[in-house]
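Here it is: the structure, laid out below.
Residue numbering begins at 1 within each chain, and the chains themselves are lettered A, B, C and D in the order written.
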Amino acid sequence: MSQPVCAIVGAGDGLGRALAAKFASQGFDIALISRSEANCVAAIKDATAAAARTNVQFFSADATQPETIEEALACIAEDMSEIDILIYNVRGEFTACEPLEMSYTALEDIFRVEVIGAFAAAKSVLPAMIRRSRGSLFVSSATAAFRGSRTHPLYAIGKFGLRALSQSLAKAYAKDGVHIVHMRLDCDLDVPLMRDAYGDSYDPEKLANPADVAEAYWLTHLQPKSAWSNEVELRPYTELWTY
Amino acid sequence: MSQPVCAIVGAGDGLGRALAAKFASQGFDIALISRSEANCVAAIKDATAAAARTNVQFFSADATQPETIEEALACIAEDMSEIDILIYNVRGEFTACEPLEMSYTALEDIFRVEVIGAFAAAKSVLPAMIRRSRGSLFVSSATAAFRGSRTHPLYAIGKFGLRALSQSLAKAYAKDGVHIVHMRLDCDLDVPLMRDAYGDSYDPEKLANPADVAEAYWLTHLQPKSAWSNEVELRPYTELWTY
Amino acid sequence: MSQPVCAIVGAGDGLGRALAAKFASQGFDIALISRSEANCVAAIKDATAAAARTNVQFFSADATQPETIEEALACIAEDMSEIDILIYNVRGEFTACEPLEMSYTALEDIFRVEVIGAFAAAKSVLPAMIRRSRGSLFVSSATAAFRGSRTHPLYAIGKFGLRALSQSLAKAYAKDGVHIVHMRLDCDLDVPLMRDAYGDSYDPEKLANPADVAEAYWLTHLQPKSAWSNEVELRPYTELWTY
Amino acid sequence: MSQPVCAIVGAGDGLGRALAAKFASQGFDIALISRSEANCVAAIKDATAAAARTNVQFFSADATQPETIEEALACIAEDMSEIDILIYNVRGEFTACEPLEMSYTALEDIFRVEVIGAFAAAKSVLPAMIRRSRGSLFVSSATAAFRGSRTHPLYAIGKFGLRALSQSLAKAYAKDGVHIVHMRLDCDLDVPLMRDAYGDSYDPEKLANPADVAEAYWLTHLQPKSAWSNEVELRPYTELWTY
């Protein structure tokens, strides 16, 4: 017998994996969308382990090709069940460059991944959610959505756009009972990539634990609709934050 | 046998009452601080009804007299148990006036209620929380903390100050394991006062339900410490928000 | 004998025309970049009338084709003189639609006009400005850069991106003596289009006068480099603003 | 023959002195308000030197005693001429302490200096400005008005309050033709105090030059009323800014 579906676009071995496990443990079937199933091995394993009855399925799509996202989400609705929550957890490459070194192509690519891909996902699931007057759309974002950057301008430009999209969707469709949230991670995540990047200065207390972040997503999903957040900030207790 | 204590400064028949009931239902003893026990009758009743084993006690203090807050909180720690969460839920009178009509006394009063009172509460509970590396301090605030107002300047000036205090405390003591949160209500609450104010245009769907807001406070309290929010926004799904 | 050049990308009969006249009156030669010279007739006329010695020239480019912007700006530097200030004053169509009605193409178009076009302009003029340790790049933007919209999501998404670009450039190149500014108009402009849109409720006191806005751009250009603004807000004295 | 008056509350040997000289050079008589004339010696000297015809006068007041500000400003209006621009340039001591070390008295003091003092000044000059439909009220503030601080919480609490006041006044009285501006210095100033504080790492290029900041105030004062800024940020071109 089917459970409500949590669909995660972008489910690698960082936050996506933790989200898959968390929502599986809470009674959701899990649909993982990524370019290749190889990316999702850890997420599939953890989600499957989290709850015996969980149905975990992989669907292929490329975030830079919005039609493939539409197709994958249509398949999920058909093959599995109604999508109760969709988490857009994709991010473009976190490329360092100074602003004048950006190429037009890199700008277009980041916009496709961060904004058009997220919109394709929204377009695919919101109409049914609006009809049912329930459902959630969460987008994984960062403090980069609030501040330009002299070292990572592409990331900032993408996340600003994602935030504009998220706010616009929330303002338009909250009244229809759909909970749309911009999840701002104001920190680095304790994932393999970061462990390598930090090297000797790696300190897990300074980073957000993916399972804890997934827990915070879950708690946000539990908010009753007369007391919703549409923008959530998350940071570890050790973070020296500015805003 | 004692349970951890949730202390609520400012527990009238609006949000305070709902917070008392919520935390009582989750295994907390409840300490209510207000000028007179009469203000807390509804909160006492609801908290008592929420869970059979809950110990609910009233303590007298005047938010404009910081020493009385210190005394009340010292009594609680002694008479009941350690305070695990303190919610500063006081607000000054929501007086409408144009800015030039403010008096110096009114400015001082709002600052005493919103900032000095909150600081007195923080000062009374944080050292023990820091020692134990656990505990929460939530302040009830509003969108007025983000925007000056031509019609309610006193409220804005008070809430700006409360937000500055809350951010400063969070930035200083999060590292010690204390969760300090500025709860921004971006809406009106469905409380008797507002029902009267709205009159014929009263529509509960347009207002935040106090029980739902209390639920959102509770969910925030559950955040794990590597994924904390320090500023939370809450609004009903019907709200036409700007920021 | 040539004067320093003020290049304006997007010089129609609204703000662009007023900017051309203002900078002409202050001793600049004026380069107008637009898709067709017909768009610039008013700007050419006013800039020419503003000062006898002003050299006003038109250059053709399409903001959605970044290479054409590069070419036009290269021609200006060659045919006229060094560009001392470039004003990116283009905006996409101010299309009303609800978010779910946006097309992928419309999203790409707005991003091209607002972000890629502005970046093409920046890329064309900043290296020379950095070499000379002087020059200004101003982008015309709006409060839409700060807030998603349920009625004009495309405009918001474009302006968010433009602001991210502007901040990133400013953070990277201010140290090289280049003044990069995001000009936020928090109002409607008193231009023919708006007069028609307002109809009977048209009231010039409620709108920003283009000549006054151009004056405010000029005053920003005069800021000394140890006291620069990188984000400027402008609104008429009658505006009921929120942020 | 009298010129319009620029009144400066808090005119020491930093920014106040530069403001006095700037406005004197632009055809204003200068009224300096401070606790003692000794504080204003440099400002008096520079304002006098800036323009032969300038009338420079000192008036005694204590920013923590709002009535003394009212009295000083009443004297100015009587002894000199109408006040065309008032600059509230006072700041409380920039005391470093951790939040829990603040005293109630220190909180009250900072609120008196930053908010009540500024309000006393506003109350003293705005009614006449509203009657004449012209005039400016600028308050000198800082990025501390936007962010709590774990090291300088008093300063943040004061500046948040000042910003709330400034916004409230602007929203209420701009329509009456009065230009009210929160001047945010996002930097340290190149003043004797800072030179000492920086010691060997003192580098004038990293600091805002007071004369340049005064110039930026002046340029803001020149904005036409259909294109006003109500919040202005200022920083040196070398500043690594976040927001």
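Basically, a contact is a pair of C-beta atoms (placed from the backbone, for glycine too) under 8 Å apart; a residue touches a chain by one contact, two chains touch by 3 or more.
Predicted model, so just to flag it, every value in this text is computed and none were measured.
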Copy pair chain C, chain D: interface residue numbering same or different (half cut): same
Most distant chain from chain B by Cα centroid: C
Where chain A and chain C are represented by their mean Cα positions, the distance between them in whole Å: 34
Where chain A and chain B are represented by their mean Cα positions, the distance between them in whole Å: 32
Shared interface positions of chain C, touching two or more other chains: 147, 171
Chain A partner contacts - residues on chain D that touch it in the complex: 146-147, 242-243
Of chain B, residues touching chain D in the complex: 66, 98-100, 102, 104, 107-108, 111, 115-116, 119-120, 122-123, 126-127, 147-150, 153, 156-157, 159-161, 163-173
For the chain B and chain A complex, residues of the former touching the latter: 171, 174-175, 177, 179, 190, 205, 207-209, 211-213, 215-216, 219-220, 222-241
